[in-house]
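Below are two complexes that have chain A in common, paired first with chain B and then with chain C.
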Partner chain A sequence: MSPANGNYEAVEQRIRELARAALEEGRVDYFIGWTTGYNESEVIPGFVRSADKVDDLVWNPLAAYNLTTFLKRKMPDPPQAKIGVAVKGCDSRTLVSLLQENLVDRERLYVVGVPCEGIVNRRAVSKVFANEVVKIEVAGDQINVTNQDGETKQLAREDYLLDHCRSCNYPNPRYFDDLAGEAVPEPEDQTPMWREIEEFEALPEKEKDRLMAEAFEKCIRCYACINACPVCYCWDNCVCRSRQPKLVGQKVNAQENLMFQMVHMFHVAGRCPSCGNCDRACPVEIPLYLLHRKMNKELKEMLDFEPGIDLEQKPVFQTFDVNDPFGQH
Partner chain B sequence: MRIGVFVCHCGTNIAATVDSEGIAARAGELKGVVHTEDIIYTCSEPGQHAIQRAIREKDLDRVVVAACSPHMHEVTFRRTVEGAGLNPYLFEMANIREHCSWIHADKPEGSEKAYDLIKMAVAKVRDLEPLYANEVEVNKDVLVIGGGVAGIQAALDLAEAGLKVTVVEKETTIGGTMAQLDKTFPTIDCSACILTPRMVDCSQHENIEIMAYSEIDRVQGYVGNFTVDIRKKASMVDWDKCIGCELCQQKCPAKAPDAFNEGIATTKAIYIPFPQAVPKRAAIQVDYCRWFQEGKCRVCERVCPADAIDYKQQDEYVQKEFGAIVVATGQDVFPWEEYYHEYGSGRIPDVISGLQYERMLNASGPTHGHVLRPSTMGQKDVEPEEPQTVVFIQCIGSRDESVGRPYCSNVCCMYTAKQAILTKDHVGMETEVYVFYIDIRAFGKGYEEFVKRAQTEFGVKYVRGRVSKLYEERGKVKVRGMDTLLGKQVEIDADLVVLASGITAADGASELAQRLNISYDQYGFFKESHPKLRPLETNTAGIFLAGACQAPKDIPTTVAQASGTAAKVLGLLAKDKLKTSPMIARVDQNRCVSCWKCIEVCPFGAPEKEELRDGSYKSHIIETVCQGCGICVATCPVNCIDLKGFGTQSVLDQIEEVLLT
Partner chain C sequence: MKFLPQDQLEAFLSHLAESAIVVAPQRDQDGVLFFQPWEAGAEVEFEQLLTRQSPKDYVFRQTETYLKFGYEMKGKAAAEEEEVGKKSKEGELAAAEEAPPEGEEPAHEVLQVEAVEDAPEQVIFGLRPCDARGYYQMDQVFGGYGGFYYDPYYMAKREATTLVALTCAQPWSTCFCTAVYGSPSGTDGVDLLLTGIEGGFTAEAVTERGEMLLGFGGFTEVGDGQADAAQTVKDEAFTAIDPPFEIEGVPQGLRDNFEDPAWHDLHMRCISCGTCTYVCPNCYCFNITDEMVEKSGERVRTWDNCFNPGYTLETSGHNPREQKFARFRNRFSHKFSYYPEKYDSLLCSGCGRCIRYCPTKIDLREVIRTLGQPHPDQAAPAEDGEAAGVHAQTGEDL
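Up next is the complex of A and B:
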């Protein structure tokens, strides 16, 4: 990922302008963007319902949240609401997946695309201090972190990007109505990079088992991952929570937890571009995003499919093509 | 719950490797089982009586029969339990024959597995609920797609039985391929003489409506209630006015390729394919018409005594309702030019296809039945020559994997023998006639004798072997091949080479199959439901097959199949209401997220969008349309569709039973 060229403010202004215009003209009932959280170290989803509130919206490299998650929940309720939403490159891919599957109504959606140059891994940054971080500021290639005592540390931005931003091939939104700011340059080499997956795949089986057990032992089945997931849409009828029929065990142990996560992985396969929302939502820091990356790698290699790239593409498991790489095996 | 378990011996079919008696006794320990019995032949009359007696005497409310495959006898035993007053869907079969005794050698092991299978069936039957068949009203009109001999025969049989039949034909006349033929094997009777009266019968029958120059646009609905959109193609001639006088064709100045004569002659831009066409109506081939291409002419309009020409005519769409559909769309001739480059790819004028030769032999064809060398035809100052040496090559686009046609086309051996005889008859006995063949397949009644006659009585020289190359040399076609019986190279200087082009699926067959939701094989032929036991039905209820659209067929087989299909349709439509299987999909609308994947994947059009009171739309299965195939169940991303009688829970119960107990 190239160093940020620092036009965050211009883009932020543009998002506000677009949101204001949409609200004033009544094109949307509310606009979902990003806003500052309980302190300046955090950016959280922000719902703006009137034009005078658009200045609450922010855009900076902490805006990790994939806001399309709220579409799957909000679109049917209230049924006729018109919604504006801001999407980064990866967010737009989940939106495209949802649109492909008729799960959001394009007619009632206003999408502001936000070209993205990489999001900071807030969890990693906030660990540089033992106590609470109150401010994270990105300036060029630097990240300035301030803790509650007013101490400041400087970090290299490059070292603290989210993993999937490092290997991102689609920094510009794949679908939008208006683009906030100029599109950023896309990597010339679009070959997907699976470094972290390949490293894992190369491990001995025993070691893989150990790492998996270690990771999933921690899971407390809080289901934050599936609540945060933009393309997981069974709502209250998730098979992992259903007791009739009882398809997945409810016990909390490494094996059952892994089973639950596997079900989730398979269920969102073909829709999930591994945006990382599950990963960031996990309170016990299980690297869930790797699971979905692995599935994406398989899809790419077996079926030459990348989720959410093109609105016209059919959901992968609803198509059959004898020319799939898989068919050649 | 009072479950009865009946374990079959099937003579020694099962009992040789499974201890039927022992496992029947053990099954008594399973939860809910109150009666067990082992029976030598459960499907026999005493066997079925034993089940019924036990249901009555032991007051059973669920029945498990451990015997053969449900494919074999599920229907039988459902009837049995129904006969004793039980709901037929409170019954389950454990397949301990195909899945067990036939594939195991060790009796204790086989018995153990059989017991596991019975355990699973008992677990499933515990979960079953009574199901009730639906009834649906039946429309008694029949659609026949294709007006060849198959369609004509089916239509006549159905119309005679009193049903209203609509025949949709894509060409301007019915008759199909048979109308193009000269004589038919093995009797050498005139094809037109036996076909055209049937065509006329069709057009005059009060119960038959012929929609020529029309195609199927869309098919909706289900058995007993199909809604079909038919596109009447614009012929540029008002067929209500046209009297078929052929005046327009005579006066038309624009030449056009003659598809009916397989391209060995030309016709006019406005044309009637042949004199006995039914309906005998003219149509304009717009691509060749001077008015449409150059903006001047209108000769046909001027000469037409009926004022029938209508240059502004547009395609017209008609919607009709039917109870059953007969698909009789026939076949095409294998396009050998695209594949056989060693035979000149169609560039050698004296190498023609079997059907082209057929047109040449035909007295009403372009040469009036004279066999001529195409290279000498249609030239100034050249008298057309009769060929002195004619070579036939068999299996062109049949039994040839290199051109993707490994199947036998069924008719070529016989039509080649016929054409060889007719060559001798038309040109003279002194003509040299060679047939290169792989095998002679003369399987029908009188066929073998017919080929023998060609060889002995008419002196046709049969050479077993394949021709490797055809090329022109000094006004002849050099035929270079191998006589595999003599093990020698053969070279023949031929005047005319006739390639016995095989049968290939009709153009557009797969598109039609998709519109009809019927299956087709890798060659484009429509698939029957079962090759032996349901050869006339498709897997879509209410849609039947006749003729070569299913597989290459000769005329006798086609006609026999068409009549058989008519009987099937009559059997179906004899009822006023149809019972539908209750083992169908069911949507839990609370969970439905309205993604409509079920609608997209359903081959029958069973799921529909249902508007709920809150204005939202949810998936709903039309019970009478659903065939219970389960594809929507597997597709539904939120798992909100279940198959009645095959619920997720009952599958889990079975797995649990076999793994955990």
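Up next is the complex of A and C:
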């Protein structure tokens, strides 16, 4: 990941301009970007229905949320709305996955691509103080964190990026109508990095079991992970929530919770580029994105496939190729 | 009022642990603060204001097993039972027609049911007044308030539970207990209230149960100025919270604004998960299912929430709240309008967890500010045709 050029304001202005034009010209009913949350340490999804509200939109390295979640079925209100949406590199990959499977209507979308240089791990940053963090500001290579007493700590941006941003090969959107700013340099070496997955794979089986049980013991089955997931689209008909038939048990314990997560992991395989929206939605901080990273590693190694790279690419589980690496075994 | 020196805290916890399970805020492997059973030597954390979830699970369990059930073969000898099991249907019928030998019952299955007792003596230690107030509200729902249902499962645990609350010295920006009739040193539901001052905690018994806890030998009489110091902590915390809305009129306002188009704006970033309800100290909705393998299993009560698609799904297949905005509207209306109508209090204690841990940080305060006040144009029946048209819900997907 290249060092930050810190040109967030210019990109922010461009997003606002593009959103304003789309709203004024009636090309969209509403525009989904990012806005400031309950305090200046939170950047959240922002919905703008009129041009005079576009200045609510912001862009900075706290804009973690993958907004393509709001395009999936049952989300748009009204259902036939024309929607403008801002996407980062990883977000655009989930959008491409949805488009490949005709799960969103391209004709009703206006996509603003946002080149991204990495998103800050807000969860890790907020833990540098025991009391409340009220402001997080990224300036160049530095993060300034302020707590409710007004004390400020300075952190190196590099140390507090989200894990998947460190290994990101696609910082520029793969699909968009307009790009808000200059494309950022992409890494020259595109070899996927699976360090954290390989470390886990190397553990003894019993240790893996222990870690998995420990992680899923605390799952509260709120289903934030699957509802925040842009490519998990069964919505009200998820087998894990169904009581008739009862396919996944309703008891909340490590075993049932893991079963539920496995269903999610397998069902989104091939569409999920591990954008991490599930992970960040989890209220109890289960490192869910590792499951999806693992699946992506398998897809790459067995089928030489990376989700959401190219609109013309066929979904991996709808094709068969005898030349797959897996076919060579 | 008594005083507990800081160095007596662990001894006090150990004293309590002699006769009860002690549950206190502790960090897990990922550094997340939860209420967990305490064991001697474990580090209790009071510095961070709120745990991730309220401790409601210790009384209103996320998975409450009512009973275990199964079938047992009775009658003929065990070897023959197995034979019966293997026989074809015709064989079984033929066997049934044969008269059993004198004095012996034919093979038959008998339902076995085993009740599950789960109400240990417990002390929930270091919860905040808003958490305690959550129990206070749930007590009305499960405790037979106004002649409504009395729930023996909840109440058995509740009656075996002592609440030792801790005054909030430094509220967070998402705290709003003072807007919903609460206080950072509130005592609703609390047995013993601790307030952190220099060198330890002042301790005030609120109930007889709390009074008994003061029998622990580590307490001293309050010294000069300690009571005043505690009062200062309480006053400062109270004034640190700027009430985000006027609660008067909110129940009526929500009723007036039931059809307000603003619901369609506010719900937009809701992803219809259940996080807000599962971190909430007040939310009490549940489902009951039989979790079975073949013919044996358990009848369990698990938490449910109003964002769950099955929550209002009717047997006919009709779902009156199929749309997300309707589920969203229900959560706030239940807390601030329907519940007050039935129980004469609010189903929100202002902890703000639903704001902070919501995946998209939906702000309850904003919802109440926007829709909780009677609208001038809502006095008349909704006739805003244009707004209704924009939001006509056809149920079609994008």
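One rule holds in what follows: the second predicted complex is superposed on the first by the 323 of 329 C-alpha atoms of A that agree within 3 Å, B and C clash if a C-alpha of one lies under 4 Å from a C-alpha of the other, contacts with A are read in each partner's own complex, and residues count from 1 in each chain.
The rule we apply is simple: a contact is a pair of C-beta atoms (placed from the backbone, for glycine too) under 8 Å apart; a residue touches a chain by one contact, two chains touch by 3 or more.
Here the structure is a predicted model, which means the values were calculated and not measured.
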Which superposed partner A:Lys246 touches (first chain B, second chain C, both, neither): both
Touched partner set for A:Glu42, first chain B, second chain C, both or neither: second
Touched partner set for A:Lys127, first chain B, second chain C, both or neither: second
Chain B versus chain C as contact partner of A:Val284, first or second or both or neither: second
Partner chain in contact with A:Pro315 - chain B first, chain C second, else both or neither: first
Contact breadth on chain A, by residue count: chain C or chain B: C
Chain B versus chain C as contact partner of A:Asn102, first or second or both or neither: first
First (chain B), second (chain C), both or neither touched by A:Gln148: second
Which of chain B and chain C A:Arg27 touches, first, second, both or neither: neither
Chain A positions touched by chain B in one structure and by chain C in the second: 76, 79, 235, 237, 246
Complex interface listing, chain A residues touching chain B: 76, 79, 101-103, 233-235, 237, 239, 244-247, 267, 315, 317-318
In the complex, chain B residues that touch chain A: 588, 590-591, 593-597, 600-601, 614-616, 635, 637-640, 647-649, 652
Residues on chain C engaged by chain A in the complex (per definition of touch): 28-32, 34, 47-49, 52-53, 62-63, 170, 172-174, 264-265, 267-269, 271-275, 277-279, 287, 289, 291, 298, 300, 302-303, 305, 308-310, 319, 322-325, 355-357, 359-361, 363, 390-398
Touching residues (chain side chain A, partner chain C) in the complex: 30, 37-39, 42, 44-47, 49, 65, 69-81, 83, 104-105, 108, 127, 130-132, 134, 148, 214, 218, 220-224, 226-228, 235-237, 241-243, 246, 249-253, 280-281, 283-287
